[in-house]
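Alright, structures below, take your time with them.
Shared between the two complexes below is chain A, which has chain B as its partner in the first and chain C in the second.
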Partner chain A sequence: MALTFGQHPARFKLDVRSRPRMYDGAMRHDLMEILVCPMCRAELTLTADREEDGEVVEGKLVCSGCRETYPIEDGIPNLLPPDMRD
Partner chain B sequence: MAARTDAQIRENVSKAYAGRVRPVLESLDVIQADAGACCAAPAASSGASCCGDEVSEDNVALTNIAKLYAGTDVDSLPSSVRDVAFGCGNPTAIEALKPGQVVLDLGSGGGIDCFLAAKMVGETGNVYGVDMTPEMIALARRNQEKVGARNVEFRLGEIEHLPMADASVDVIISNCVINLSPDKDQVFREAFRVLRPGGRLQVSDIVWTKSVPESVKDDMEKWAGCIAGALLESDYLAKIRAAGFVNVTSDAKEYPGGAGIASAAVVAERPAR
Partner chain C sequence: MSALPKPEEKAREVRQMFDRIAPGYDRLNRVMTGRMDQRWRRDLVRRMGIGPVDRVLDLACGTGDFAEIAREAGASVVGLDFARQMLLGALRRRIDGVAFVQGDALHLPFADGSMTAAVSGFALRNFVAIPPVLAELARVLAPGGRIGLLEVDRPRNTLVRAGHGVYFNHAVPFVGGLLSRDRSAYRYLPQSAIYLPGEREFVEMLVANGFHRVQKRSPMFGAIQSVTAVRR
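This part shows the complex of A and B:
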């Protein structure tokens, strides 16, 4: 389904340098670490086409496994399965 | 259910909830009043209304927020959070969340349960909300700014295909959402996958305490109203166990009227090893 909002100020925050969080003393969680391809669960690589205030407004996430591309539009990463996008 | 495909059910549910949330988005100037109004869209797929009130008639009794969230700090949340809370329980109150935990909300909607969870897990914790309806994600993010919750992330995604790494979550919450899924087995398998060993599923959902009338099952309005897609309580729990969960318990409270519709607080654990 298409994202048709004319405007929404809330932006997708993709700050991979976010502060470290302790988790059971072992694992660190930040956005890219916990985010995976919903279809094959491989890691996603971020490409930013447009950023505002350090946040990705337009761009894409590409799966390192199945190569599926997930768009980031108006600051929202669309991680719906590809067949649910329209 | 042969008459409806899973895709049709998902589309109908998403449209129904988009319709419910549009007035709030318009009032917040997140969308323009005429932008892609779903009422104007050709009703290619179904009789499911995304704009009529009939969808909510069925569960009007389920959405008394003050009652559902009694004893919770819900009054401090903005009305744009409270007004779009379509839950049937208070999942963060089923068992206490602890500081530092990673929490995932399946079908996060306007974000109410995420914001309550965010307070409980604190700065060292993290809350993720997944919802398949773009309008809900947009509203949740606007609400997040209002609330000022820094430890919450909302993602447009499907609860049958979670964009979350294996064993990355301590507690999964959900409020009156899993009943909407046409493939609940897959939802519970995904929940199991993303929970760390020893992690916990704690959800509020609608279940039937007696067999579901055939006349209700294929009614899309009743599906979006959390009635038609709901399972018999014992079937619901059996699906959770089939996904691998243990210590599965349910506390179902039937709604008045004797129809056999109940709100259940369900808890299950992924075995520690």
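This part shows the complex of A and C:
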């Protein structure tokens, strides 16, 4: 049943809050086709810890060459060189 | 007093600065340029002929201004920036079909030849060095790929240059400092123009790093440079 503001305002608000935030810019699987390790340019292997609508929200990318691990948080893969991470 | 960081500290300091000024950054850019900045971006995307067959890198994408315009032209777009707060701002714009990646311009995390076009807006002066960034862009672009670079410039006309100097060196730091409450950032931004190469030097840099067919337009009486080139 569709909920509208008029009929079930409280329920509607609860519904919005309980739903995880989804960003359109979150990391998609097809990005893997072009991503490489910034240090050695080898391919990366994706491990998705949390996905929403086919997009990776939390996870990591592991380099198949130098074994460096790059985190994915809030849908953004952090592919900064390791010495530039905070 | 100089607001410019020491060379070895530039990358970190500039990144921290952009993380600090990320909230309100878009609004400030619109105010500072009278909304002209988006017009320059649109014009550049149009001149580059970006369309649905393109995969476009928005280098130093900030909150995704260029990415959004390239996406509107139908391209699939990847935005890269080193400042996380800027990328979170970009995600909040919910631009469908654009991916955002945190990374460094000197170590692009993209495969050779994986892009057909690359754009960058007002970022050149923030890089530690420009030639290695151009070399990285040439690497990730397929042969025949285009780049489009927007930057500030020094107007040639003496009168315009004087007026521009007052605006850029006094009004920008004042208004920027007031609205962002970050005076040092908006002292850095105008002063950092000193990092930019002259016209001939810039063309030589592009050619030396694998580009040809360099073209330049100078909107705003030459206060802005809009440069396109093609990867050989």
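The working rule: the second predicted complex is superposed on the first by the 56 of 86 C-alpha atoms of A that agree within 3 Å, B and C clash if a C-alpha of one lies under 4 Å from a C-alpha of the other, contacts with A are read in each partner's own complex, and residues count from 1 in each chain.
To be clear about the criterion, a residue touches a chain if its C-beta (ideal position, glycine included) is under 8 Å from a C-beta of that chain, and two chains touch if they have at least 3 such contacts.
As the structure is a computational prediction, the values presented were derived from the model and not from experiment.
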| item | value |
| --- | --- |
| Per-residue contact with chain A, leading partner among chain C and chain B | B |
| Touching partner for A:L46 - first (chain B), second (chain C), both, neither | neither |
| Partner chain(s) touched by A:L79 [first = chain B, second = chain C, both, neither] | both |
| First, second, both or neither for A:P38, with chain B first and chain C second | both |
| First (chain B), second (chain C), both or neither touched by A:V62 | neither |
| Those residues of chain A which chain B touches in one complex and chain C touches in the other | 23, 31, 33-39, 41, 75-81, 84 |
| Of all residues in chain A, those that touch chain B in their complex | 1, 3-11, 13, 21-23, 29, 31, 33-39, 41, 75-81, 83-84 |
| Footprint of chain A on chain B - complex, ascending | 7, 10, 14, 25, 29-32, 35-36, 100, 102, 124-126, 128, 132, 134-135, 137-138, 141-142, 144-145, 153, 155-158, 161-166, 168 |
| Residue ranges of chain A touching chain C (in the complex, touch as defined) | 23-28, 31, 33-39, 41, 74-81, 84 |
| Residues of chain C that touch chain A when the two form their complex | 11-12, 15, 55, 64, 78-79, 82, 84, 87-88, 90-104, 107-112, 114-115 |
